[in-house]
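Alright, structures below, take your time with them.
Two complexes come next, and they have one chain in common, subunit A, joined by subunit B in the first and subunit C in the second.
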Partner chain A sequence: MRVPATPTTPGGASTHRGGAPRRRPRVSPDLRAALLYLAPAGFVLAAMLAYPLYQLGVISLFDYGQAQASGGAPLDFVGLDNYAQLFGEPRFWTVLVQTCVFAAVCVVGSLTVGIGLAVLASRVRALPRMALFLAALGAWATPAVAGSTVWLFLFDQDFGLVNEVLAGVGLAGVENFSWTYDRYVAFGLVAAQVVWCSFPFVMITVYAGIRSIPTDVLEAAALDGATPWRTLRTVIIPMLRGLLIVATIQSIIWDFKIFTQIYVMTNGGGVAGRNLVLNVYAYQEAFAASNYGLGAAIGVVMTGILLLITLGYLRAQRGTEEP
Partner chain B sequence: MPRRTPVPAAALSLLLLVLAACGPPQVTSGLAEEDELTGILRVWLFDEADRGPKEAVVNRAVAEFEAQYEDVEVDVSYLQVDARSERFTGAFNDPASAPDVAEFGNTDLAAYVEANGFADLTEALAAWPEASDLLPSVLDTATVDGRVYGLPWYTGARALYYRTDVFDELGLAPPRTLGELRDTARRIRAARPDLYGIAVGGNYHYALMPFVWASGGDLAEQRDGTWRATVDSAQSRAGVELFSSLLAPDICPPEQCAMLTGTQSVQVFASGAAAMTIGGDFNRAAVDAGEAAGRYAVVPLPGTEPGTIAPAFAGGNLLGVLNSSRRSTLAREFVQLLGGKEYQREMYTAMGNLPTFADLQRDLADEDPAVRPFVETLRAGTRFVPPTPAWARIDAQAVLPTMVQRVATGEPVEDATADAADAMNAAFGS
Partner chain C sequence: MSTRTPARRRSGLLARPGRTLAEILTLLIALVVAFPLYWMVLSAVKHPGEIQSSAPRPWTTAPTWDNFRRVFQVEGLGGYFLNSVVVALAVVVLSLFLSFLAAVALTRFRFRGRTVLAVMLLVAQMVPVEALTIPLFFLMRSVGDVAPRLGLNHLGSLVLVHLAFSLPFAIWMLRGFVAAVPKDLEEAATLDGASRFRFTWQVLFPLVAPGLVAMSVLSFIHAWNDFLFARTFIISATENQTLPMAILVFFSPEGNDWGAIMAGSTLLTVPVLVFFVLVQRHLVSGLAGAVKG
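For the complex of A and B:
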């Protein structure tokens, strides 16, 4: 763990960088105090984050199932065999691509809806804004299992409100239409549910950001004759870059790790597993089948992919930043 | 350690040292050395939707046992079937909290034995006179690699339920072959589009298996000690294709039926929405509570030739002795009492559980016509899933449901069965 060096630190504590120091650095009392204060947090982080990650990595190198855990079979170190098995599985690649596309759609969806509604909220009167926020908070507060189940009820092929309404307005052939049977229809329905329960976070973050933009900037833009669209594109969004990065990375991580919605709404991965995403696949292949070694390998791969995506995104953002 | 070593480096090296010392956690459990003849004997049984009748029978057995052995107290607890995996895993990982005797499902047997959980009862059963009347096909479901690890406590089989009013209305007779079953189902849905010809589902693999076995195929076979999937053999493929063809718009549309489980299929039949289904003796209460009550009959599921019965899957529960038990003699005695003929008969009266003794089954079939089709099915010979720990994995990975659903949604049966066989072989191999 590195101590962030702040130039304003009184006493000018020399920061310790990794690697063997040429000469013994004098540990200043300030640094010692800083480390002391950081120690509890460091300990908690090591216990809660580093140790589980380390165990995940170690387990992924063993043939480790229930029999091994309860002492019925000896531990067998298999090196990278679990990874080889995973990468040799054509289904894994299908599921991986599916997961990426599905997550991308969900991220774009929640960002679009969230930003759009945040702009709307900043432009309407107090009462409609209150209603909008209450609705968004309701969606946000709904537990994922409950939300998914309610959506399933709404889209039920026999008794669902949606099919009834669609049939009511005279759409032919929607009686008993199954929203969870076709692969793309099912993915679309789940994506809509995911967007529904994740846009409020984006909306509230962006709304707070918009409120913090000085009004004179917006007034200046209005005086220059900028349209609302133009204001959003060239004034609001650039000024909210930091917030948007946070919201995007959060959404990527959430949507890449979707489990509940797919598990509940497509009944564990859809007809013939056509709607599997990585997390459900890991659960089914590994943990339900007590094959913890393979499951840990999937976990390591997912962590790696998420780190890569996040780092790449941060890098791209830094690249476009104005000097 | 020099005093001046930078604190983070010291902490880091210490941390690495600690972490490097531990691999994945593992229990070192073995056979218990002691064999005490007094004290508390702990027993785990499964809870039921209505536990009262089961508990009454068990309490009578406990009273008899406690009267027989002085200074022995039997402590029975009932666990939820859904939570059994966590509870048994916990018991195997921590012998101190494990029971001495436990009821468990026969499909879980191989995995539990691999996990070193249950004691070998082969010699104990050989020395017990009543054991000679146990049905061999049922005893097979308690056997791993030639050793018996549990006493079959009750068994169950599935047969063909059909609606007598619908069959009378359309002038149909119960099908005599599986091919006829499909044709009959088609004719019913053509005449009565509001009904499914037969309610079966893509997630109902115990309904699929009889089709595979009746067609001369099998799920897997053991050769030279290793298991190989045979679900892609020509015979098995024919069975898979026949079963999957029931999940068609003109019988049971895949949009509605592809994801149905066994319980859901029976519920569809019980609600009056289907003309037939495949259900077990244990499903009779559910059907009697629905719209179909009083308007149905049950026959054994036919085979591919008239006059034959399709081999059914032999489900059921066993009573076993935990490997870690410190009262193994008492535990074995209790298993033989509760799982013996007297109390199996009482359990049938109380719960409707079919006994595992041939003579008991015969007597019951003579007394109760409703149980006859199921006993006939059992007597015609039952089959079982491959008794290997890999089966738990294959089950959890939904290999068979995925295969059926792929065929039902139009993929070639050759591809679907070949991929299923690959997945099964991967599980057998690991």
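For the complex of A and C:
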């Protein structure tokens, strides 16, 4: 399940700005208490988040294989050799392009389905809307592993419902069609699963946005004879621009990091690793091939790309908070 | 809306055939979206013979607990379920206290560097934790040398990493709840002679309970759903695996045991579904009562 990283907090972060001028200055006891209160969380975050992040960079600069990992050989500082090796490998570029295209398809899919269904939900009465929202909440809440297994089962070569139904309607050749063998078909199946569990976030966010548009604006559009498509294009999308940017970047960040669905549905990256994305690639390099240095380099590249996206996210979010 | 008379509704229907079509479409889409979940639960209670049938039916005439019984008794899925519960609950309890303390410090105490810390929390939420598997693997190996139960192959390693991953968001979220408690309350409590410690635990803690509940459920779900770190850390001690990993055992080249896989997936999904319904409003908080229906 996915949860937006930074929801608007009730009460807001700036509740007591402007201080209390009448208050006696009590800086030092406050600081001491604050340190005491912050210490446990600070320790955990420093040890489990900041230090590993630093270590990720360090490991990527060493020749770090099975021998070094088991302590059998001394660590050998190799500078940027891991990166040079990585960028010289055609496979890395294939995986990078695959990751970007796969993430793009998932993002476009979730946004299209999410926005479309939000508009649909805003035009129907409460009962069908509740049914849709309940179903969407179910898809949203399903753990990635469970969602992956049930989609695999539905599309199973031998016992899957989908093949059975397709064969039933007369597509004879589809009887034993494998949905996980071909590179593009397998990616398509995983993308469909990802869209299934990530469109609800977009739908619910955009639906709330549509609800916040004054009704007379929408009524005026309807009175002027605007079609739903036209209303969406000329009223809803421009008015919800900020919200849509945030939902888009949030989706990009999520879909770029997908691990579980690819790992479970393509059995660790597909036949001969042709369904790898960066995340799974780094994992396989490190823990299957014992190239920890190379795996860490992939991790650094991924972190760098996500950092760039995140900066865009923060800027977009700041943009929406302005009245 | 529900107070409309049937007559008016019918005339509304006739007057707006477009909306009726849209409503039928909405219901159909709802069915399609919900179908994988239905199929999962249905397959979990089907007879193995029915699952292996080459003509699967979208219903069953003889529901059975056979799959569940099998995964619990033969495969010991109960133990893995328990492992998942232990990890998730430990993360919840620890992050509850740690994030509450930190949130109090960040909102109630005035000291230099407070804003910097808040910004760092925001940055920490953006770290792609998936990229940290390699350094965390080595860190956990070292931790295991000192404290075996917190190291590789033990549930403690999962608790530690998920605690760290859940803290930035939890603190960030609680900050808002703590800040919303009026300042006067603290002054009143201080006048009544309550120490800061007592105020924090006896007044503030109960007051931010809604925030704590929402935060706990989110931490629970994140730890519960984890696959990557369980896959990385629990390598040789299979008895310490968590539920998501255990389900994958039923995949095999000789043929997948779909009945067991669907039973396991159902077990994995139900607790999250329950919690999710409880907190869904907080997931879109700030977006003004989105899912009121």
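Operating definition for what follows: the second predicted complex is superposed on the first by the 241 of 323 C-alpha atoms of A that agree within 3 Å, B and C clash if a C-alpha of one lies under 4 Å from a C-alpha of the other, contacts with A are read in each partner's own complex, and residues count from 1 in each chain.
Keep this in mind: a contact is a pair of C-beta atoms (placed from the backbone, for glycine too) under 8 Å apart; a residue touches a chain by one contact, two chains touch by 3 or more.
Values in this document were obtained by computation on a predicted structure and should not be read as measured data.
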item: Touched partner set for A:59, first subunit B, second subunit C, both or neither; value: both
item: First, second, both or neither for A:250, with subunit B first and subunit C second; value: neither
item: Broader residue contact with subunit A after superposition on the shared chain, subunit B or subunit C; value: C
item: First, second, both or neither for A:70, with subunit B first and subunit C second; value: first
item: Contacts of A:143 with subunit B and subunit C, given as first, second, both or neither; value: second
item: Partner chain in contact with A:290 - subunit B first, subunit C second, else both or neither; value: first
item: First, second, both or neither for A:51, with subunit B first and subunit C second; value: both
item: Partner chain(s) touched by A:94 [first = subunit B, second = subunit C, both, neither]; value: neither
item: Intersection of the subunit A residues that touch subunit B with those that touch subunit C; value: 1, 16, 27, 42, 51, 55, 58-59, 69, 267, 292
item: Contact set on subunit A toward subunit C in their complex; value: 1, 3-13, 15-16, 19-20, 26-27, 30-31, 33-34, 37-38, 40-42, 44-45, 47-49, 51-53, 55-56, 58-59, 69, 117, 120-121, 123-126, 128-147, 149-151, 153-154, 156, 158-161, 164, 196, 204-205, 207-209, 211-212, 257, 259-260, 263-264, 267, 279, 282-283, 286-287, 292, 295-296, 299-300, 302-303, 306-307, 310, 313-314
item: Of subunit A, residues touching subunit B in the complex; value: 1, 16, 21, 24-25, 27, 32, 35, 42, 46, 50-51, 54-55, 58-59, 62-64, 66-73, 75, 85, 157, 176, 178, 181, 267-269, 271-273, 284-285, 288-292
item: Touching residues (chain side subunit B, partner subunit A) in the complex; value: 4, 6-8, 11, 15, 19, 22-30, 89, 92-93, 111, 114-117, 202, 254-256, 258-259, 389, 392-398, 401-402, 405-406, 408-409, 411, 426-427, 430
item: Residue numbers on subunit C that touch subunit A, as the complex places them; value: 1-2, 19, 22-23, 25-27, 29-31, 33-34, 36-37, 39-40, 43, 51-56, 58, 97-99, 101-102, 104-107, 109-112, 114, 117-118, 122, 124-139, 160-161, 163-165, 167-169, 171-173, 175-177, 179-180, 183, 196, 218, 221-222, 224-225, 227-228, 231-232, 244, 247-248, 251, 256, 258, 261-262, 264-266, 268-269, 272-273, 276-277, 280, 282-291, 293
